[in-house]
Amino acid sequence: MADILAIGAHPDDVEIAVGGTLLRMRDRGYSVVLCHASDGEPTPRGSRETRLAEAQAAARFLGAGVEVLSLHNRYIMDTLEARRELALAVRKHRPTLILSPWPVGEHPDHRAVAHLADAARFYAKLTKTDDRGEPWELPPWWAPEQLYYHLASAVEDPRPAFLVDITEEYPRKQQLLACYRSQGNVDMERLAKNAFWGELIGVRYAEAFFRRGGLSLPDLSGFLGPPGRGTSGSAATRM
Amino acid sequence: MADILAIGAHPDDVEIAVGGTLLRMRDRGYSVVLCHASDGEPTPRGSRETRLAEAQAAARFLGAGVEVLSLHNRYIMDTLEARRELALAVRKHRPTLILSPWPVGEHPDHRAVAHLADAARFYAKLTKTDDRGEPWELPPWWAPEQLYYHLASAVEDPRPAFLVDITEEYPRKQQLLACYRSQGNVDMERLAKNAFWGELIGVRYAEAFFRRGGLSLPDLSGFLGPPGRGTSGSAATRM
Amino acid sequence: MADILAIGAHPDDVEIAVGGTLLRMRDRGYSVVLCHASDGEPTPRGSRETRLAEAQAAARFLGAGVEVLSLHNRYIMDTLEARRELALAVRKHRPTLILSPWPVGEHPDHRAVAHLADAARFYAKLTKTDDRGEPWELPPWWAPEQLYYHLASAVEDPRPAFLVDITEEYPRKQQLLACYRSQGNVDMERLAKNAFWGELIGVRYAEAFFRRGGLSLPDLSGFLGPPGRGTSGSAATRM
Amino acid sequence: MADILAIGAHPDDVEIAVGGTLLRMRDRGYSVVLCHASDGEPTPRGSRETRLAEAQAAARFLGAGVEVLSLHNRYIMDTLEARRELALAVRKHRPTLILSPWPVGEHPDHRAVAHLADAARFYAKLTKTDDRGEPWELPPWWAPEQLYYHLASAVEDPRPAFLVDITEEYPRKQQLLACYRSQGNVDMERLAKNAFWGELIGVRYAEAFFRRGGLSLPDLSGFLGPPGRGTSGSAATRM
Amino acid sequence: MADILAIGAHPDDVEIAVGGTLLRMRDRGYSVVLCHASDGEPTPRGSRETRLAEAQAAARFLGAGVEVLSLHNRYIMDTLEARRELALAVRKHRPTLILSPWPVGEHPDHRAVAHLADAARFYAKLTKTDDRGEPWELPPWWAPEQLYYHLASAVEDPRPAFLVDITEEYPRKQQLLACYRSQGNVDMERLAKNAFWGELIGVRYAEAFFRRGGLSLPDLSGFLGPPGRGTSGSAATRM
Amino acid sequence: MADILAIGAHPDDVEIAVGGTLLRMRDRGYSVVLCHASDGEPTPRGSRETRLAEAQAAARFLGAGVEVLSLHNRYIMDTLEARRELALAVRKHRPTLILSPWPVGEHPDHRAVAHLADAARFYAKLTKTDDRGEPWELPPWWAPEQLYYHLASAVEDPRPAFLVDITEEYPRKQQLLACYRSQGNVDMERLAKNAFWGELIGVRYAEAFFRRGGLSLPDLSGFLGPPGRGTSGSAATRM
């Protein structure tokens, strides 16, 4: 049972996109499972063993569980089989919240996982064995919440539903990404765009979250602090 | 000193748009001041006395302060004088959060107050007496947060930054609006659109908030409840 | 030969989304055929027989023809075979107007049918037997018009091309949906969002239609009534 | 009493933007009044007498009434006085539908008239003499419909609510514009953009209409012709 | 080695969409290769031989290379095999810039090629033989730039990143399209929409280019001409 | 006669928003005039003399001319008089390109100058003395190009028409801004958002430009370098 199941195409995708927020959630006591659809291989610089070890190290650093599925790096397609494999991971971890890629960008694996994750959340709740005979050995589960992250080299959709300030977590996020040393010369800040997203809310580093439909807040206290504080305003110093 | 200063063109504007959320904020201990730019008169059905009495009654019901400025209903314009009058109200109440109209819709008073409120927030922080001699008898104040509400008969911008579920407060919001009995046959639900906004987050009644720039959330706990709860998911019952 | 061919993934999709408008079109003498890509099974609460009987009952209530294709509920994919099966339905019914899902939302079947319907409209007009040997036993047909409906739990795209007021048809629409009693506890109003769409045009219940490209109206008479009426204006009563 | 009151900043604005549609409406028996906020002078090539004579000639060609207000070309501002003058025109002609500029583009007069027309529609319905003493010698009127046209050299908003095919009226529209011969070397097609808008609906020439809020259609018959026609489809001739 | 690799679903797609710009680029010395994913057959009016001959003639007219892949007209799907075939074309021609379809519109082949081209650009750079055994007999290549063109009968996305004025090339573009005489009665201007796009920049004919992410210009000289020219302004002749 | 007239509300606005690009344009030989609508006073930290001296120093650093108009900081309104004063500056400098604020954000001065600059460009071309008697002692001028810059603390519109990489100019831009030492503790990078805009095109620092209507490029050479270079691609190093 996990509070959050964070799904990505390759080991390090989830960490690059939302690693800072996951660190913050762990600090606050939430359980997290990372689900990498592939082992990320083949690449010029890795092997399956290396990548799995790195994924484990990153999960350990995060205090998260980790699962690596059998899909092929570079060849992930939105198939029924892939949907089922991912749906089983949803059933196994019974998350309250699924994090998965926002379907933008030109990377075919990311686009495929975006569609797979939507389908897997839905497949995981199906309650009747259908006529195709697949074994659904785990009880059904409906994850009530889903949020999306952006992982593309170009910023196609600069209007996320909300952002989380990770300035405080940023040094630890860098350590987290350093677990993936076989991919070491990747410009992870470029992919993560933390400074870019931070600018949208006036902080140094942030991570962005997208969402289908409206966003609900319980009240306006997030803009206010505790009642009657009344001290966050200040005399202006200039135009 | 108020946590929230809610600015509208006419008495009842703020209550129609965000009365449910204000009730919720009062319940949670936040202080609220309503600022009506005009007394709402003349109208076919009221008098200045009636409208002021109603505005007071509504404020009492809300447990809020209230201020009625001297601008003329139907003839509110974005002038320097009007900006200053509203800026003085900001200085007087020193709010952490300003609520004001989102500049859409065809009503000239609402459009004017939208611009006035932006300017007043800015004017309220000016620290040096300028060469025009106006008395700025109150110390400067910068309200650190501003949110916008929608008050138009047509839904021009159906993508608010977030929504607040007011299903629980809805009966009391109706009582609040009933304070404005001289305007009694106005279709307030039509203007408030609470059922419409509710649909965007899957609840019966909601109020919508707009915002310039990005929205920051402290973490993802609003989607999760307390850590480890892990029980909000459920077996699906159907496709 | 049908005036309208309304395509959906599962029996009841089309009725939920645009049943009120179809009732209205039937009242005005237009012929309608419903085309369900699957029989909607398996579900926890139905059987193929039940679902087919319900689909027939709904079609009878509507005075429409009905066709249930062989695709599998939950596993509809955009394949060449599925395109051809749907294209044959288009050739068979030779519609002037095709209604199909707008490609938004997270339901994989709806997304697949959205793409299938676009392809089927196109495949139906192909005039030359290709090199793959499939039998195209019916003459080609090009449906000159296509409109899209929204069927998603979250309102991802709140800007339809136009809406149809179904306030008058709404009680009959509820009877129509009651034909699907095996799925009885589904919150069909939630999916149909008729009250939500109604708000966009100031009526109680409406259905929404989306469209690629611009919308053509023959003139402005829809905003005017018959010439010289000149009586639809009225003295204002307030604000 | 007019079916349509078409408001523009200068004589020829309305004719350039929606002259074809107005011709069509006249052919169908609707009454039209043109309201030019200014006489269009001074310009390098005209005089007040010339412009008024041209405006009269254009109105005669259209079979429309015409009113020229006292605002100054190039210096139109959104003032209370200008709102009242335009509101009196609304009260005088009691239109069902107001046509006015969509508030885009860089021309200050067009932007001002866009705001003035919104305010005038609203002012025209006010029923109680206010405390400013202005004479409202005509009974109040609420024009129930308002549509907007685009008149800017750059296409800032290429997504109109709908378009009207004026291919048939186009030669007569050119004759209509030829009434403004003192401004003869203006590239009216450039401003009117009829060929551009036509492309959005696949016809040679169209005019575009914008709208706040949703668009309501009575049913889908506009996409179908009379019931059972079933002949507008056709065998495709190529991919 | 090509400066530009222009990818389309069928022979003539690329020429219709961006033929004028390709003529311009050839005039300026850039090398171009056309890559048609299919031979465009079967169609009612052609044969493989005819289409290949026409594609060759068009390429000759353009001074471009041409490659016709083995995908099937009307049945192009986003498969691994198709991605690899297209990726080999990218490796073979080593382009600096790839042109491919923008993923809008209802034509299934165009949508498929849009996704294939994105994937092929990515596949072409993979450096390690994967575990599936396919022969990657050519060295890897990363095309640093990609732009998209619009080829749909309805204008779904009227906001291209930029446009290229092809008024001067337009007569030659018509000659280029005339190479495809077997498809002769196709309304190519309708598909190309050159007059429509031209209107967006105030010229007679233009072609439109779309792009993921931001557009970089080296400076503002494109709006200025050579320094100090200062003569492109002019006395205004009228409002 | 200036190639570029850059208009802002206060001294340093233009330099903050587009100072890097202006440095680049000066390096390439273009002439620039800065036009500050006010002297920026009063502020807590300056005097008219200081601000003028700083504005001069900044202009000297840039190699630009400078003009400071008489409008009042904090009280700039879109009046006829202000339009005329700005229009005279346009006539005096006869620019090919005007740079002015994009009308977003909550700062009333910036919004006013945005409208003033549009009107001034238009007023500057009027050729006939109107009936108001104002002296237009300079010959008329039409600036053929206009671009807009963003100067707001919140990024309301994250989709500029294009961006200019100013990484190389960035150190000099900082020196330029240092000329405004009386306002020294202003967080200019926050306002300039150069790192943010840079991210949209994959460089360290950029400035953003907005535009009404479409953007025209002469060809695709900006994406290619000189013909036949063919060397900007590269072997990929990783997924």
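We call the chains A, B, C, D, E and F, going by the order they appear; numbering starts again at 1 in every chain.
Here is the rule we use: a contact is a pair of C-beta atoms (placed from the backbone, for glycine too) under 8 Å apart; a residue touches a chain by one contact, two chains touch by 3 or more.
On a predicted model such as this, the values are computed, not experimentally measured, just so you know.
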(request) Scan D-F, D-E or B-D for the interface that duplicates A-F, counting it as a duplicate when over half of the contact pairs agree by residue number. (result) D-E
(request) Between A-C and D-E, flag the pair that has more C-beta pairs in contact. (result) D-E
(message) From the mean C-alpha coordinate of chain C to that of chain E, what's the distance rounded to whole Å?
(response) 35
(message) Suppose each chain is reduced to the average of its Cα coordinates; what separation in Å results between chain B and chain E?
(response) 51
(message) Which positions in chain F are in touch with at least two other chains?
(response) 43-44, 73-74, 126-127, 153-155, 200, 202, 213-214, 237-239
(message) Which pairs of chains touch each other in this structure?
(response) A-B, A-C, A-E, A-F, B-C, B-D, B-F, C-D, C-E, D-E, D-F, E-F
(request) Could you pull out which chain D residues touch chain F in their complex? (result) 42-44, 72-75, 77, 105-108, 111, 152-156
(request) Please give the residue numbers of chain E that touch chain F in the complex, ascending. (result) 1-4, 21, 24-25, 28-31, 94-97, 124-127, 139-145, 147, 160-165, 197, 200-203, 206, 209, 213-225, 227-230, 232-239
(request) Note which residues of chain A are touching chain C in the complex, please. (result) 80, 83, 115, 118-119, 121-123, 126-132, 146, 212-214
(request) Spell out the part of chain F that touches chain A in their complex, as residue ranges. (result) 10, 40, 43-45, 73-74, 109, 153-155, 158-159, 183, 185-186, 190, 193, 195-196, 199-200, 202, 237-239
